[in-house]
């Protein structure tokens, strides 16, 4: 009797161990990267790039296929300039909350995931770029002519995601009478926008354009095109990384060659969205200095 | 069912049978009207469009979203069941310890974990794993939510199981303990060799229904960004603008699995009742069970 | 420690708990009403009503509350466009109350049914033997005993409901667990004290409920 219980316990314990060995990060898909991998950046054979998996138009992975989107295209170009073939890239999902940790923990070599350069983040991680300058904007229904900017939102319903400061900013600075709903993701917001329960969705313009450009949403929504903040999307790298200058050079080259423009157009087609010219050529687009 | 019905009602006569038939018809009509109204509204919102459902049910959806999601749901729940059992056994024993302070300590731990909502526990553990544990390199930061879910489910359900062990032992017929004492067993031997094994056998169906609770609560992981079934379904829905459809599919998967487990628990209870002096009827609790011993 | 005290000034912790308490009270009323109706369905002689009661319990009991909450907002508000108030805050509060009521009604129903099960057959037979017809027999003999037998499971359901009000965070309701998440996000160095504050808050609400349940069920137990 006693032996039986011990063997059952042993079996249970070994089963638990075996199962916990295959945590989400060690299998493909759930997101994350292998820790302590032998390859390091530069000299190794593969490069681990953190992107979003659920942001259509920027970083989106359909099924088990290759990810697509503007972030992905820029990442591929930069990786190519750094000497990696496309097949050498290992894509790793880095949700917003995990980005600093993933870099600090050495789980990824670079991050291209709508990663705004801020002073607070720069204390923990390094940045190259920016490769794009976005601004907070509004997504509205195609036939909407009333909402032309954040000031027009008084008495309207606005959707944003939980934990984002963008919706609160509108309430505080532009339209006090706006009705806010916070949801788990932008996909929910877009569903509400389509059904008419909300009148606008707010976040960075290029994210909105990416959402509106999916085949299912094509022709239904438009980006207002009146950006009222500045978000400089940088390439996240480990603090003190020596790759910063090489990444900056690659971004400059991509813009000069026209590949940047091409990637942008391809990923935001049919949404009437054009990136803010003044922002993307102005002082905000100036590359960070790589002197660490 | 039948026997309870007759506590309150006499067997229906011809007139009552006619009334019952009429009520049946009325209830059917009411249900049908509600279903039709819902379908009309859904159709108006274009939510019945065939491609939305096709995209939520095709091979891509199953192979790349539901099944991987389900795998993580079951994996996290499976691990949590095992670890919760270990936790529960240890603390169950400690709550029966002859030494007062140990008993009180175990009691405080168990009551604390039973009173704190699982979601609050998970939020905290998520931050704990991602901000404190991950930087040490022990776990990948991407796994913080995964471990948060497992540990959160473990401590809560472990505390519930500890109570099951304790109340299981207490509910055994007194004769078991007396018999053990009569053949010269010490208090410890009696617990270990006679009482707890029987309490465990009696507990098995409850453990199985606790598994249902764990599977349901693992869906809370969605709120801390754990990639389980609900999260994967959301992700699929964001790509094809059919989030309503994908969530309905996810809900159905949960219902089917839990239904099977609940059914197994009641089957098991019937088979095991001859092998223990304890009560094998599964304790069906809400997602988060009682905070104090149930008699 | 100073930083910790400032948190109380900066965040409305009491207000967040008050939200959980309001959700608990309203959803308790809602789930008790719906659960009682379902329990009556499940023990009624009408087959279709029994089928409705049974399927409701089986479906709802096996669905995660998180899904009910998310689907409620996503499908019923987002698609069926049922709006309770143009004020979002109130609207989603109502949604959270309804989702909690729907979910816990299944457990209330089971609690009441298990209470009816504790009444021995002989009680009803005796009631009929002294000439009481169905309604008086149920009202005077069966139900009073059934409700007393159901106190423990009902109390446990109420406790579970109290803790489950945290899931309302999924419906955009500002309650204690969501507040804790925000507080830790902005004050990660105070993580442990913030968690303990919220956790102890729940202990203060929940543990007396458990004690009260045990006391009540002992006091009102039907001696047999």
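Note that the chains are named A, B and C in the order they appear, and that numbering of residues resets to 1 at the start of each chain.
Just so we're on the same page, a contact is a pair of C-beta atoms (placed from the backbone, for glycine too) under 8 Å apart; a residue touches a chain by one contact, two chains touch by 3 or more.
Fair warning: this is a prediction, and the values are worked out from it, not measured in the lab.
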item	value
Identity of the chain that, by mean CA position, is farthest from chain C	A
Chain occupying the middle, per Cα centroid	B
Centroid distance [mean C-alpha coordinates] between chain C and chain A, Å	39
Centre-to-centre distance between chain C and chain B (centres being mean Cα positions), rounded to whole Å	16
Between chain B and chain A, distance of the C-alpha-averaged centres to the nearest whole Å	35
Sites on chain B at which at least two other chains make contact	45, 131, 222-223, 243-244
Chain A, residues touching no fewer than two other chains	184, 188, 191, 195
Contacts with two or more other chains, residues of chain C listed in rising order	70, 74, 78-79, 81, 170, 181, 185
Touching residues (chain side chain A, partner chain B) in the complex	1-2, 5, 9, 12-13, 15-16, 19-20, 22-26, 29-36, 53-54, 56, 60, 62-64, 92-95, 97-98, 101-102, 104-107, 184-188, 190-191, 194-195, 214, 216-217
Residues of chain C that touch chain A when the two form their complex	70, 73-74, 77-79, 81, 83, 86-88, 92, 170, 172, 181-182, 185
Chain C-facing residues of chain B, complex	1, 3-10, 12, 16, 20, 23-24, 27-28, 31, 38, 41-42, 45, 47, 111-112, 115-121, 123-124, 127-128, 131-132, 212, 215-220, 222-223, 230, 243-244, 247-248, 250-251, 254-255, 258-259, 262, 284-295
Chain C to chain B touching residues, read off their complex	42-50, 52, 58-59, 61-67, 70-71, 74-75, 78-81, 104, 107, 110, 113, 116-117, 119, 121, 123-124, 128, 134, 137-138, 142, 152-153, 155-157, 159-161, 163-164, 166-167, 169-170, 176-177, 180-181, 184-185, 188, 191, 195, 198-199, 202-203, 206-207, 209-211, 213-214, 217
Touching residues on chain B, where the partner in the complex is chain A	45, 60, 63-65, 68, 72, 75, 78-79, 82-83, 85-86, 130-131, 134-135, 137, 139-144, 146-147, 150, 192-193, 197, 222-223, 225-227, 234-235, 237-244
